[in-house]
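Let me give you the structure first, and then I'll get to my questions.
Labels run A, B, C and D following the written order; every chain starts at residue 1.
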Amino acid sequence: MKSLKKFALGMAVAGLSATAVAAENVKIAFIDPLSGAFAATGTNGLHQFRFAADELVNENGGVLDGQMFEMVAFDNKTSPKESLTQLQVAIDQGIRYVVQGNGSGVAHALTDAINKHNRRNPDDQLLFLNYSAVDPALTNEECNFWHFRFDAHADIKMDVLTDTIAENEDIEKVYIIGQDYSFGKAVASAAVRMLAEKRPDIEIVGNELHPIGSVQDFTPYARKIVSSGADAMITGNWGSDMLGIGKAAIENGFSGPVYTYYGAADGITAAFGETGVGSLKLVAEGGNNPPSKPEAQEYIRAFKDKYPDGNISQARITNVIQMLAMAIDEAGTATDVVKVAEALEGMEFTDSLWSDNPLVMRADDHQLIQEVHILGHVPVEAPFDFDNSGYGMQYENSVVAAGEDLPMSCEMDRP
Amino acid sequence: MSLFIVNILDGFVTGLLLFMLCSGLTLIFSMMGVLNFAHASFYMLGAYFAYQISMFTGFWVGLIVAPIIVGVMGALIERYGLRRVHQYGHVPELIFTFGLALLIEEFVQFFWGRQQVPYNPPAALDFTAFAIAGNTFPAYKVFMIFMAIGLFLVLLYILTKTRIGMTIQAALSYPETVQNLGHNVPMVFMGVFGVGTAMAGLAGVIAGPVMGTFPGMAFTLGAIVFVCIVVGGLGSLWGALVASLLIGWIQTFAASYNLRMEDLLIWLGFEKPMLIWESPWQDLWTLTLPQVGPILPYLLMVIVLVLRPQGLFGKRET
Amino acid sequence: MTAAAIELRNLNKSFGLAKIIQDVNLEIKKGERHAIIGPNGAGKSTLFNLITGKYAPTTGQVLLHGQDVSGKKPFEINRMGLSRSFQITNIFHRMTVFENVRCGLLWSMGYKYSFWTMVNRQKELTRRTDEILEQINLTKRRDMLAGALAYAEQRALEIGITIAGGADIIMLDEPCAGMSMSETDLIVDLIRKVTESKTLVVVEHDMGVIFDLADRISVLVYGEIIETDTPERVRASKAVQEAYLGTTLEEAS
Amino acid sequence: MSTPSTNPLTAGTSRLIPLNHALPWIIAAVVLLLLPVIFESRGALTIMNQMAITIVFALAYNMLLGQGGMLSFGHAVYMGLGGFFSMHVLNWMSDDPWLPLPVLPIFGGFFGLLFAFLIGWFSTRRAGTTFAMISLGVGQLVASMSIIIVTFFGGEEGISGDRTEMLPFFGWDFGQQQEVYYLTSVWLLIAALGMYLYSRTPMGRLANAVRDNEERAEFLGYSQRNVRWISFCASGFFAGIAGALFAINFEILTGENLNLATSGQILLVTFLGGVGFFIGPIIGAIVFTLLQTVLSLHSEIWALYVGILFVATVMFFPFGLTGLLALHVLPWKLGKIGYLVKPYAKMAIPGLVFVLSSAAVLEILFHARHAGRGDNEMTIYWWLTFDSHSPLPMIIGLVLAGVSAYALVKLVPGLKAAWDEATKMGEAGK
């Protein structure tokens, strides 16, 4: 009955509500896949952003004198070309902030395009808040003033990962496997370099790349890994490649830890289920399942109420939203992005949800320095599990201010 | 050596799976002259239907019911879609099946979402059949081998021992005789399309749990199936069998053996540049066999088509 | 002494084990109208296809104006001045009648694979095309799609395309197949008109047409030529009568 | 496959618009000149540029499919390679530029031509299925190369460049979208005119001849293989120009430009527009780009709609959207187009209701399946808000769709009668 009323009401008040709010909002363009193969990840990210913006900023009165954060979604279909088209549409709408995370290829295209755009159009510049693309180059060789990264990049994660391996005396042989593209290669070369530094006695019994997204059956790879006698494997794979290599290895007799970059949530936790317990490890920033702070538990409960099929899998999203809000307040403007960027540079921020240690947006390269963990795949009770599967990720090892002392090669031009 | 044996077995499983698709595709092509671009999409539908059914009734019911549903869908699509397009010629038919493949993928995403669904082997088969030097061989794969061989035998029986089978066989060798079948030709077409797609569906049901059930599964396999029947020779069932096994092994062995271009180049007397990542030839030097594994079938297809357009065992020119 | 228009030397063609053409020797002089007859399955079409380059001979040679053309591609043979028609109408269905004929003219007028000249601007090309349309009585149908023509008109168009290029050897494969009596007469007149002073080789079932048209006739039976002579003598030949299904030619026609 | 007479792919180039006069071209130029005055936002300019690029690519593709009868599943290769090479030329010149940016597409064209020449050498030997399969294989090979050969293709992030680093062209450095729009438009006109004129040359006509009947062409002195090869090269050339325009517009090329999806998409675009007509691909490109950019803003399942539209086109209108328009040329010429107005008007409302309600049913179903529990409320058509989980909206949608479908079916005989009347000719042929 209630729905019938709503339906009738909807038909009657033709669209009055939609137009009224817009004017004062701080609009943030979310450019990520909402259709196509990675739509699930993108959609979940969007939900996390919307929730974070509402819960952490808008509920508390917004920024400046009551301006609200408004997430505007743009579907880039994981295509660099579409991303650039959508970027133009976003600029038309007067949007000053762009968030994106899925795919370093897209991130490269966006950071390059935004850099060019800001140089060519000093009147409507914008900032790129990268929440997930982890190619180290983005804050090194290809860094620019307009780009800020909130996730730990691949080398930082590898630093933590190799620390963990180095501490484990049982591991003598390591197998590295990844997708054949820049990120897979970056992971492999960082692993080799850092292991050689930290544990020269460890033997790399395999280091290989497989074609991205086109291997149907990972069994032959799993056979090689098992035959090599490896005690641990490292993989930067994501999506179906992650699932494929992980499941194949475990099912065909591999019993050591499988260290991954993307071995959780987005259907992967559910698909591993019991198989992954004791083997599957993840290197990531952010929260434990369940998180220790009651605020965070409350936050997750509220999120799951709203999006029962979703996951709070990218804790950094709340950092993006909160740090942006702080920077805008500090700069006293949401339209002059140079000022906002300057406020973000070097910002110290203590997160109320996931970690007690302060996060620092390093001014030199716009890389967020934060705590990074190694997590293990274990049974977890709802609602703190991933994919409603009864499994989740729990801390096994943590490194504060991870990667702070890694070399960096960013030479930033400032306006 | 033990790894070699395991690889032979793994490649055999892949090859048989490919053949389950290829045989249906070949039948359809031989009878109707249609290269069904959407064949692998029916394979995907088989996996998804079986997953959906297995949620309610368990794996075994899905094994039987899902291929039937897929076959009925295939027959209906032939009746109300393909037959209509048939009058315009073969190229529009090919384009129709291409569109169908796109549409089925969209429909699967529409109903089941974009993530991989947790479709798993039945508990009864979730154990290790045997192990060779630490490499375990799951019982489920043994089951797959028996299923594929069983299907092959049934097919062989129908083709050689039944009247309709012999007519179909005649049509395989002499396509022009199809018109003189003396049967209800439209019914035969519908039947062949239905059976062919049902076989693809069955392949999907048994492959879904090991290869993963996700919207991209049709796309990654579909092109390879095409390669198999083109390489084997359009219209040749034996060719399809040989090509399927060949490609199954090529893919398995290419992934298993880390032959490196570096070794080959050094053997040929070239000197590896000191700073390999600054050399313009870096990609050549660092190339390995697993990297190129998945494109080997395409390379094979192009070479075969250039040298022998009728395929390895084919008698018909396309 | 000029070389014969077409000369076949010990020509053989086998498909697998089946020998379709066996040791055929034949000379067709310039300007001659030559007919090839024979019962169904005698290999007439195969012989045609061997001469025009659709098939390559298994052994033996085909000479055109004294030049060996065995194994050459159809288009190469065509460029040497030989043009053929087909038993089953073989035209460009989705192009206009005018364009069909024009396609037949392009190579002979030296356009080759040109992609820099506008065909519609070529006055001489258009004039010659219209001339041929006039000859084959299809001027009225000039801008219709060829596929929409009546059957007899398609046959006429087929001949028009064949002769358009001005080849001096014309080979027609059953030009009158499937036509009524009156239509046949028209086509025969047309053939006579357009092959004036050219070498003509024709395969035909209609014996009336053959005896009307040909200077000489070759009789092909089971892949062998058993007789080549003038119509009168072929008609009288015992061997031919026996081979030709044991009937007399009058009956067969 | 020589004589399927109703084959839409072998349809003659009908003169829907008399392109052999200057007028349509002048109108096109004026429209292109004025468009940015009406649509001045960056987004609109970007979409128009994208449209222009797709038009050039689709026209080039139709040189194969429509005019040459060759079905390619890998034509993105030539556009992509043309684009990659253009980008390398751009980067190579950026230190010491000696050419202005508008010249770049010529490079793209020649690289597209070069690869079409090399690959065409073996792929055009046969037509039909063999050609289609080789194009698929080559397409996959080249797409995979783009990931393996990082030095040239730049791996996942592709290669990018800065178009403003070429020599300024009459004071324009092409930093602004509008400048790029005009560059793209001029090239669109040049390429379209070039392809149109090409179709009027002996080669263009021979491509048709070989498409209709390769054997016959062979007996007229033409090597069918050479005809296909040259058509293929020409198509590669124009595809390469499209690639260079892409490079200029987006300043980045990635593996995406080479992959099978892009190749399949251009097939879809071309077929949707209508392969038998010169302007078919143009219409296809405009409609598809609008669907892709505008529809995708409003619906998550836009690709499903495109798929349905495509399959329906293949089934019911094998001559594409342009073919649908072309059907009306005859009544128009006969002066009887008025006969159709009434039945069309009668069908308009049920037709619209049917499309909207079926789409609504799909949207509701999708929303109910994929939105979370807390997210029951959905809005369609900008103002219709309701609970997607309650059965009522769904039932209303289904009923509306059913009733309107029934009405449409009932109206068909009337349309058919009117159609027969409108196309009835006098005793003389046209």
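FYI, contacts are C-beta pairs under 8 Å (C-beta built on N, C-alpha and C of every residue); 3 or more make two chains touch, one makes a residue touch a chain.
These figures come from a predicted structure and were not determined experimentally.
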Chain A and chain D share contacts with B
Per-chain Cα centre nearest the global Cα centre, belonging to chain:
D
By C-beta contact count, A-B versus B-D, the higher one is B-D
Approximately how many whole Å separate the CA-defined centres of chain B and chain D?
31
With centres defined as the mean C-alpha position, give me the chain A-chain B separation in Å.
36
Please compute the C-alpha centroid of chain A, do the same for chain C, then give the distance between them in whole Å.
74
Centroid spacing, where centroids are CA-atom means, of chain B and chain C in whole angstrom
48
Can you list the residues of chain B that touch 2 or more other chains?
109, 113, 291-292, 294-295
Enumerate the residues of chain D that touch no fewer than two other chains.
7, 10, 144, 148, 150, 301, 303, 370
I need the residues of chain A touching at least two other chains; which ones are they?
36, 39, 180, 211, 214
Can you name every chain pair that touches?
A-B, A-D, B-D, C-D
Name, in rising order, each residue of chain B that touches chain D in their complex.
35, 81, 84-85, 87-92, 94-96, 98-100, 102-103, 106-107, 109-111, 113, 223, 226-227, 230, 234, 280, 282-283, 287, 291-292, 294-295, 298-299, 301-302, 305-306, 309, 317-318
Could you list, by residue number, the parts of chain D that touch chain B in their complex?
1, 4, 6-10, 69, 71, 122, 125-126, 128-130, 132-134, 136-138, 140-141, 144, 148-151, 260, 264, 267-268, 271, 301, 303-304, 307-308, 310-311, 314-316, 318, 362, 365-366, 369-370
In the complex, go through chain A and note every residue touching chain B.
36-40, 180, 206, 208-211, 213-217, 219-221, 223-224, 226-227, 240, 243-244, 251-253, 266-268, 270-271, 273, 389
Where on chain D does chain C make contact in their complex?
2-3, 5, 7, 10-12, 20, 197-198, 200-206, 208-209, 212-213, 215-224, 226-227, 230, 234, 429
Touching chain D in the complex, chain A uses residues 2-4, 6-7, 9-11, 13-15, 18, 34-36, 39, 47, 74-75, 77, 79-81, 84-85, 88-89, 91-92, 103-105, 108-109, 112-113, 116, 120, 135, 180-183, 185, 211-212, 214, 305-310
